[in-house]
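Working notes for the structure below.
By written order: A, B, C and D. Residues from 1 in each chain.
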Amino acid sequence: MNLKVLTFGIAREITGGNAVQIDLPDGASALDLKRFFLKKYPAFSNLNYLQIAVNQEFAADDQPILSDDEIALIPPVSGG
Amino acid sequence: MNLKVLTFGIAREITGGNAVQIDLPDGASALDLKRFFLKKYPAFSNLNYLQIAVNQEFAADDQPILSDDEIALIPPVSGG
Amino acid sequence: MEKNIDIQLLETPLDPTCCETFVSDPEAGGIVVFVGTVRRKTAGREVVRLEFESYQPMAVRQMQIIANQAVEKFSALKISMHHRLGNLEIGGVAVVIAVSTPHRAAAFDACRFCIDELKKSVPIWKKEVFADGEIWVASHP
Amino acid sequence: MEKNIDIQLLETPLDPTCCETFVSDPEAGGIVVFVGTVRRKTAGREVVRLEFESYQPMAVRQMQIIANQAVEKFSALKISMHHRLGNLEIGGVAVVIAVSTPHRAAAFDACRFCIDELKKSVPIWKKEVFADGEIWVASHP
């Protein structure tokens, strides 16, 4: 399935845009998505963490990704 | 010695004025002063506490009172 | 009074913004402000108004001592403590305490220390007036 | 959004008074306000400015979740959380959190809970810009 993944902060700078189009096998999980990014952009491995948000909520590793989900990469947050 | 004792809050209401003139033996302590008021105005015994301030500071029981000190009765405080 | 400490007893309405502005500082990472307001009810009784009085020079001295302790204990940068005197209606502001510190945790601790100590040792007295009576708060067991 | 909760992400300067006014309540005995400001230095380096960005709809949702938890855990009456976005100079206000509760201890606890949780789980990112470089705060070990 083809997915649009929103990126913010340092994740935006690492991927070079506000969003990335990627291809993942159907039935992929949040962890699969994270691994895809860690492999494609090794700079992500240097971060304190990388989380996946699905439909504006933090996703557990085993959460399945559906093609019409709103997906975002959440690098370490630093509000306040 | 003759002393003017400032009173506030419920102490003012118990003594019936912003200040009371009293006579204490020379060499009296803060505790003597407190005992004088507890005896003269039994209503003070019902309070949570009664403290004596000498020259705008809380006085220990054994602090001697001098005739030109600024003396005040401090009933339980309740600011804030 | 130290330049980084602002203590006031006021007969007029308190303005939290004054306290916040006083404690602003380029080294501050956090400001915590406590605003004490007059609640409609205490122990189930409807409050009509509060009346505050103080032993003014001693109250200012005690507040100053507390602020100095907070600077010492919590490395506070600036502290502003304003307390209202006179009559206050429901919702009125009785006290404002603002503290700035380089890091936020200390600002919470210092502000809480100041209001807790103020309530323990500053010669200010509050009378609660109800429709059917009045009490000097905290005076009796 | 619940009537007693006010969450805003703003591109314009924050006004702590707005948050205080929102949380005022006749049942409130205490209001605690946290104001997070931009410090001149972090780890000894001079900050030129901060740049904030967020994943807005999720940030609002997360702030809402935190506020709901604070209402639940600390019986908070009203909560207002405003976070700034865009560029901020030294002394600028990055975040304001105001909480009202019937008694003061809970207001301190609830306000501290909100800012601590905001820093942990709200998708907002801060870049510190120095004269000689920039970093995304907290991104790397």
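Here, a residue touches a chain if its C-beta (ideal position, glycine included) is under 8 Å from a C-beta of that chain, and two chains touch if they have at least 3 such contacts.
None of the values given here were measured: they were computed from a predicted structure.
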Among the chains here, which has the CA centroid at the largest distance from chain D's centroid? B
What's the distance between the Cα centroids of chain A and chain D, rounded to whole Å? 25
Please report how many Å separate the Cα centroid of chain A from that of chain C, as a whole number. 48
Quick check on chain B: which residues sit in contact with 2+ other chains? 80
Sequence positions of chain D contacting 2 or more other chains: 36, 104, 115
Those chain pairs that satisfy the touch definition: A-D, B-C, C-D
Show which residues of chain C lie in contact with chain D when the two form their complex. 16-17, 20, 24-37, 39-41, 90-91, 100, 102, 104-105, 107-108, 111-112, 115
Within the complex, chain D is touched by chain A residues 6, 8-10, 13, 46-48, 53, 56-58, 72, 74-80
Touch list for chain D against partner chain A, complex: 36, 52-55, 57-59, 61, 83, 94-95, 115, 118-127, 136-141
